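Okay, so subunit A shows up in both of these, paired with subunit B first and subunit C after.
Moving on to the complex of A and B:
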């Protein structure tokens, strides 16, 4: 993988990939409405674009049943969106809002067949993380001059345990590409995935207490580019819990047993691994050698 | 330019020396870099631009085809807990200069990169280093999980002397690997530059001994193919390859980093007791058991004996418990749940409805898939989610990311369990 440090045209030019949570089942339960939230986010995006002329912003929506690209500031079709109603204000985010609306409608159609549960279901974080990393990889391929990429996850839905492997794969790939994953969690419970993501990749994780002031949290914590972060005091990670949970009871354990074949974690000694089916402690070689001895004897007699 | 100016300013003797050697300093830069040999001409004699990306992609597809042919579609077990010994031949032949600056320096450089990559892909495994000098095999480092220790020992003394003895190396490695627990996969990787081996006994016996102890020996040769190396690899089930140049050597070495397909009888499945330590509280003071110094703050506490360790993964020096964190285990999960290779889309296929709807741009990076002149460019498609991806995303997804963005962007109902992916 190419190293990041050698390819930059200025220290503080950044590419921000924003992963926006649009899970309607989460937004129906919050104190702040989605449109208020969006106004904070759009002001924040404007602030990022204003920090440096060469900054780029890409927005990917993380829905309940699908993920898609919503906005890319480097596409020229977004710049010439001057509404001819005489006010002279360029509708920079006109296309963003329109695409977001289309996406949410399509997402809702796809999720109509799903059964609702008492717990808020998760959004497709692994999908949008993978798409963001593919986009960043394309930026790296484009040559020597490119902005420094980072990912910002704005999420409120809880973690989906079925996405664990995919999210961890994305985190390790981001770590190798040296792309920090920042995360701003606005939900109720804690998100272990986002905490681990930010810790492993060297990003910032924060849970804002008051959602009315979301714009202030975003601009003071998440707007700084990577080079300037060494001069700014950002929230430090406290108590990231890296303990594993056992596969049988899903409780967090301090000490456990690992299957040597498939690396499943168990809290107590079992005879057989429930994931890969290997029987523990039995030497297959003994069985195999006795069978082959019998076979060898038969033709000679 | 400055070199030539220096030459004219310097004494006349220097000029004579340069002429006596036959090549000037500026020419030395081109001795290995023969980039003019890669140019191609088309039918009318004009230079054809070299399409590197297509060549790269073709290489990658060939590699993937070989791997999937070996796996034959079934989920092959992989040896995830590996105990690997790297044997480096520091005999007289390692001082040869056909690899610039010398075989020894290149081997050391690439083994360092290999060690880092190995621990990145196999966090629960251990490496040991052995060197062959003067016909005797020496243990440079014992089996351990910290890359820094191995790299420091390797770079410590780089000198090439004497003969090379394959049998002595195998005997030493065999002795060490016999003490390893039975659930681990035992592997040996030999970097051999000599063209002969001076052994004190019958090497065939040693090879049979290694085979019986289930050691998987692979050899990477730097000079020419040798029968004894080929025989060793065939008997023990390893890979034998000979490097033609530096880039090829790096590729061959890195092929050994991902876990090889495991032969089920070689390692007994076992439950290994491991600890998941928590981070020590900020500001707590303790004497760490690895450096024997007082440390404040960052560190981990062994859950069994409460000793403090600095880094994970490691073995607690006091009670011997293996200490890991859950991301270390998660690093190996992509070996267990690999994604299927994407299918190539024939370039001349007519723009059918599906392609027209989804195939305008790559689903992962939004790059346009329409080539020159509005014709559909080369792309690949995922069998499960039917999305289209460009060639570069294909390589990135299969080599580094291990997730298909299309499949991850579809909501799956709760009934589908993790194992059915």
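Moving on to the complex of A and C:
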């Protein structure tokens, strides 16, 4: 995808909307603790704000059952509150942490009401993406002079398949608005949503291997403003994993059979499609050996 | 011979009038203010006016004269003109006449020879038998259609002298009357010969027509038989109603509401073209021009339904027509059955075909299976309530912790940082080098080990003094490395190296340019 064209205003003023994953089910299973993670993130936010005086940062917490705005650097009320307990936390982020705590409490209450136990422990990515896009839209409509917005998604939870359509819609809206979605995935599995989001909108996707160097990753890759990205090479994945998994054995394949009615994928020849029930004709290929001779696409790392 | 003698016994005048001399008679009307006069005009142009004492006398005289004239006419008609001596059938004579009329050349020849007594008729026609034969064949083959002139258009010849109205009645006219008015036909079958003779029947019929046309329907209603002729035709109405009920769904515009025109109100143009308002008491006898016209048109278009019309027997004709109508009814029934059998899809009720329910699998299965595929181990993947509470608790603890302790110092260990950097640079370089080669192999790796060492050695020791800002230190190192490579690389790889180096150099130049301009701008701002 071509890199994003930089817009009006001074070149490298950026508005960074950070989507912070606060899914407790994920954070209870990681090697890095949430507090360490938070410290990396907060330092990164500081660095972004330090790059340019006019930079803005907005933080949205992505919870298990809800999302909310946690921090907005353009609001002046941030600096008022001084932590009364005499903490080591800079006052800049005092309100952020307070709001985060309130949000987590609220989220806990909401998740208590939820009945379904069968859900994959994903965070509400679609919700936070929508909120980010709404904020950015408001910024666009505020006038000619505005920073160049981008979204950074810090996530570790796996993808929730029930959010597929909503997430794709958000991604396409971001593409229309020309807002790149960067994604930093710190979880175990591969997140197909985030890969596709970054690929389609022209953002950067990276999966850090060493989580204790997270700050370094963040500052090297994700602190770059949109204007600089036209001449700075950022590590991009070689290819997006658009590979599908076959419907019969659930293994990822890059060559197989497709039902022409419902587009469901099979790794071997079937007489009938198991999804829509349409009957297949005779297979053109005689045996499996001729399939393997064909050139295979390079698998991603 | 008529002899007129005045009432006055004293006068001695006598008038003799030859009956056949009288052309016409006129009389004054009873209701007018004029005295009762009778005016007789004779053929020479002279007229005699007689004055009577009262109207009944005048009427009596008038009737007498009418009778005398009629008798006179009858006598005169009895003298028949003698026919020629040749034994010709009427038909052949007609044929000859027709031929002569149509063929003007033949007429000229005929005139020339026969009328100048050169040839006799027989001799003339014997040589032209072929023509006659052809003509007769032609005549007999072709069927004549019905006249388009209406029955009501047959105006009677009214004789002013004898005060008689004479209708001419040919078999053609009889046929037409029977075809157009089935009620009259039915009446004929009923009344003749039981109640009255045929002549009487027709007299009554025409009297009814005449009375209708002169708007004397009140008089006619009294007579039961006349009423039959004047009533709206019940049979027609019945037929029309039947037709309307039986309209074929195959949309054969056979009949519609307009067919029952005997009951339709129209604007009351009466049969003889007058536009008077209709008298209410004679409503049932009202027939309008439109109705008659429609019926006549329908009959003409139908054509002759019986072939043999030459029979003079009126009764036979009437019965034949009735039979023909019955046959057509039978045909109708057959057609009806056929049309009922013919199925029309778009006129049927909507068929509810048995539907097979659409079965599409829940898309969530696919995505969940995707996840299931990628999950290496399902460690606590399913959220149970207890896990959730615990997790939230842990999270809140973490937040509290960071609030207390603040950011850690150092945030990132330097070794870790260095590792991150190197891996990132490697990632970037490998990404650039993929042109169908093995992606894992980096360009640098493909160079022989010694060259690589040399290059790195060069870079670090010889170019360390280059002024560069800390931000682009990494980039500078890489760029210098590439420049060094250009010098020490083997010939077969030089092209690719140069390509690589060129693009890198361009990027670096742009970066340096940008930095320098930025620096200038900042110094300008401060200054």
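Here is the rule we go by: the second predicted complex is superposed on the first by the 216 of 301 C-alpha atoms of A that agree within 3 Å, B and C clash if a C-alpha of one lies under 4 Å from a C-alpha of the other, contacts with A are read in each partner's own complex, and residues count from 1 in each chain.
Simple rule for what comes next: contacts are C-beta pairs under 8 Å (C-beta built on N, C-alpha and C of every residue); 3 or more make two chains touch, one makes a residue touch a chain.
What you see is a predicted model, and the numbers here were worked out from it, not measured in a lab.
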Touched partner set for A:158, first subunit B, second subunit C, both or neither: second
Subunit B versus subunit C as contact partner of A:231, first or second or both or neither: second
Which of subunit B and subunit C A:170 touches, first, second, both or neither: first
Which of subunit B and subunit C A:141 touches, first, second, both or neither: first
First (subunit B), second (subunit C), both or neither touched by A:280: first
Touched partner set for A:179, first subunit B, second subunit C, both or neither: neither
Partner chain(s) touched by A:48 [first = subunit B, second = subunit C, both, neither]: neither
First, second, both or neither for A:111, with subunit B first and subunit C second: both
Which superposed partner A:262 touches (first subunit B, second subunit C, both, neither): both
Subunit A positions touched by subunit B in one structure and by subunit C in the second: 64, 111, 162, 164, 238, 262, 275-276
In the complex with subunit C, residue positions of subunit A that touch it: 22, 24-25, 27-29, 33-36, 38-40, 42-43, 64, 83, 85, 87-90, 97, 100-101, 104-105, 107-108, 111-112, 117-121, 158-159, 161-162, 164, 188-190, 192, 208-210, 212-217, 220-221, 231-236, 238, 245, 247, 250-252, 262, 264, 274-277, 298
Subunit B to subunit A touching residues, read off their complex: 77, 80-81, 120, 124, 182-184, 214, 264-279, 282, 303-304, 321, 325-327, 329-334, 336-337, 362-367, 392-393, 396-397, 400-405, 408-414, 416, 418-419, 421
Contact set on subunit C toward subunit A in their complex: 359-361, 363-364, 366-376, 379-385, 387-392, 394-396, 398-408, 411-413, 416-417, 419-421, 423-424, 427-428, 430-432, 434, 439, 507, 510-511, 514
Complex contacts: residues of subunit A adjacent to subunit B: 1, 64-69, 72, 110-111, 114, 124, 126-128, 130-131, 133-135, 137-138, 141, 162-166, 168-173, 176-177, 196, 200, 238-244, 253-263, 265-266, 269-270, 273, 275-276, 278-285, 288
